[in-house]
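In this document, chain identifiers A, B, C and D correspond to the written order of the chains, with residue numbering beginning at 1 in each.
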Amino acid sequence: MGPGRLQALIDGVFAIALTLLVLDLPRPEGSTHLGHDLLHQWPAYLAYLVSFVTIGIIWIEHHGMMSAVRSINRRFLERTLVFLLLVSVIPWPTAIAADYADRGFSQARVAAILYAATMLLMGLSFAWGWRYLTTHPELVAEPARVAFPAGTRRAVVGGLVYLAAIAVAAVSPAASFSIDALVAGYFALSRSEVPGLIYQSAQSGDADGDGS
Amino acid sequence: MGPGRLQALIDGVFAIALTLLVLDLPRPEGSTHLGHDLLHQWPAYLAYLVSFVTIGIIWIEHHGMMSAVRSINRRFLERTLVFLLLVSVIPWPTAIAADYADRGFSQARVAAILYAATMLLMGLSFAWGWRYLTTHPELVAEPARVAFPAGTRRAVVGGLVYLAAIAVAAVSPAASFSIDALVAGYFALSRSEVPGLIYQSAQSGDADGDGS
Amino acid sequence: MGPGRLQALIDGVFAIALTLLVLDLPRPEGSTHLGHDLLHQWPAYLAYLVSFVTIGIIWIEHHGMMSAVRSINRRFLERTLVFLLLVSVIPWPTAIAADYADRGFSQARVAAILYAATMLLMGLSFAWGWRYLTTHPELVAEPARVAFPAGTRRAVVGGLVYLAAIAVAAVSPAASFSIDALVAGYFALSRSEVPGLIYQSAQSGDADGDGS
Amino acid sequence: MGPGRLQALIDGVFAIALTLLVLDLPRPEGSTHLGHDLLHQWPAYLAYLVSFVTIGIIWIEHHGMMSAVRSINRRFLERTLVFLLLVSVIPWPTAIAADYADRGFSQARVAAILYAATMLLMGLSFAWGWRYLTTHPELVAEPARVAFPAGTRRAVVGGLVYLAAIAVAAVSPAASFSIDALVAGYFALSRSEVPGLIYQSAQSGDADGDGS
């Protein structure tokens, strides 16, 4: 199978996951101190921001990976569906984190673990896709194949950081959420050009792989 | 008509149906035992998972079918809309199944019947599309036509299994939901390459039919 | 401008409008007679069905129109946005119709008028787009231009039927909703090939106009 | 990287942001004076209309800008994600504006500031993208480069008007909302052909840049 329509499904799921996050931004009802009540919701804004940036970065990285994919099979489709399941579920732990981050230690701890565990699974499922392509180079544009082990490592490391966030949550939920935010910030500001390199080498080797 | 924009609509509806499921994952409000309350919601997670996998698999299978379609007419468009209606409605029985699966036998039975009946109708509407293409081979790439009777059978059988789920619900809602999960698991792990075969034969016969 | 990305936006809005309808299907909470309570919600299912079919048919007809468009300008973009506004708002009168259709004459009358008025405006904005293309034939593929007056008439007539639905609502909301359903059914079963003819003549005259 | 899939993500986010607005149109529950209650919600309709038109216009303008983009890099992707974040968040201040515009001066003032501040940030992030392309002409089709300073100015000015809306909100929330509406109306009716000019010059210089 060609990757064109799979990319359309992926882009659709990402666009919707990014946009559904806003539905969980709390809308105070019947407030008589609206300014105060809005400011009081700052954990929700932070959670929204971190999840949006994380999903956006993951889209960029996944975009880079997919740009080198030349054909797909059923097994790769299924791994991609697992990945999309974990991307599309992100608004749920985000809403719970936004709601419980400032409701006392024991609730915040659960929310922090749930959030980091979702991100861990999402990162691992992304790495699972990288690995499948690394071990099935026939699906990948020839000049880009050499970059796939580095891409796999980057995804594994990016995912495993959330193990630290889970461990830290037992001691300090705030520190755990800070790790989540730092991961998003690190990848956002990262000068790594792994995705770009893959894209360029894929382009140099054959026709437009951008699915457009 | 060419199939390009129909595929865009189909991919959009699938992406949204997959992603809207998350809106019905329950967010406990004002919980003071968040970990316990989240674990208590396990039927919702199972329902989410089964529906996500089912919609994802159906997308893969439908993708295979559409890859061989070379032109469409108004009658096929209408059958596709019926199919999309039944795909897009899935979050509704999923939410009801999640909510009532553990609320006593008589409510769980109704929820199990509603869920399986939706899936039955969805499967039959999918088979209806297969059958239309089998009986209108002029819409299909020549080398793929031979595979369409097998595709139709696969869709009919996949749909009719839900009749068993409906019948079993009268005795055991849990067993009925298990059948739903088994169907999703079977198709997810199935090594059947009917969609892939259709895709490949379609590709071998003429230009890119991937709508991209 | 070329029509490609406008079609992507249009398809996205239609796919989402079709799929958001399901969010307003009522989910009974804490029901102890789930079967009875679900059956009791039949007006919601009917409203869902009629709105889904109407949006789907409009997508088919609009697809036909757009298949002949070869370039677009800012004025046509703006008319299309007005049309998309009225398409995307449909879930709102649908939810109100579903809720109030069986809550007594005076509420049902308001709901029926609101529903038909939305459809009237949507239909007129569609006709407005047809008319703009009829009077700006330079935007349309040459062989398809001759069919645009017929397309405009079809859209105007399809829209104006809702005037009757508004008038009838004053006497019988049920009759008014029946007209809405009949319009959807008529267009769904209509053998008119105006959209198809436009598509075919557009194809015969020049390259692929399907935006894919 | 090529711009094709980025445009797919952008179009998806815009389509969803446009369509999610409808979820916040209030649905009166258990009303016994439905007509009166619906009319009473007029601030929600106005807020819906202004936000829809604003998002639609921004899509048209952004479409014009992107039509001249020939390649993208990670830095431009990140700026685009910031822009998409601010577009996708618009339903939230819209819902708060709809809810609080007629709930007394002090709440309306907060709602007006929140709405205008969101639009200000959205406009500035749009200008930030224009500016990046102005200073990185290698990403832009050669004949369109000359128009980018004008595009940047247009976006900056369009954004900074919301500073006036914020200032005016301290005195009159109604006047502040009127400025928001006037901006939308001005750009909707504007005869400026900056986006069109960019598109045309981009087309004249090389192959189809419409991402289709």
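Quick note on the criterion: a residue touches a chain if its C-beta (ideal position, glycine included) is under 8 Å from a C-beta of that chain, and two chains touch if they have at least 3 such contacts.
This is a predicted model, so every value here is computed, not measured.
Enquirer: Chain A and chain B are the same sequence; what rotation (0 to 180°, nearest 5) superposes their CA atoms?
Expert: Superposing the C-alpha atoms of chain A on chain B needs a rotation of 90 degrees.
Enquirer: Looking at where chain C touches chain D, is over half of the residue numbers used by both copies, so same, or under half, so different?
Expert: Different, since most residue numbers here occur in only one copy.
Enquirer: From the centre of chain A, which other chain's Cα mean sits the farthest off?
Expert: C
Enquirer: At what distance in angstrom does the C-alpha mean of chain C lie from that of chain B?
Expert: Each chain reduced to its C-alpha mean, chain B and chain C end up 25 Å apart.
Enquirer: Residue numbers in chain C touching 2 or more other chains?
Expert: As it turns out, chain C has residues touching two or more other chains at 7-8, 11-12, 15-16, 20, 23, 211-212.
Enquirer: Chain D touches which residues of chain A in the complex?
Expert: Per the touch definition, chain A meets chain D at residues 7-8, 11-12, 14-16, 18-23, 25, 27-29, 31-32, 34-35, 38, 48-49, 52-53, 56-57, 59-60, 63-64, 67, 188, 193, 195-196, 199, 203, 208, 210-212.
Enquirer: In their complex, what parts of chain A are in touch with chain B?
Expert: Residue positions touching the partner: 1-2, 4-9, 11-13, 15-17, 20, 23-24, 73-74, 77-78, 81, 84-85, 88-89, 91-92, 95-96, 99-100, 106-107, 110-111, 114, 211-212.
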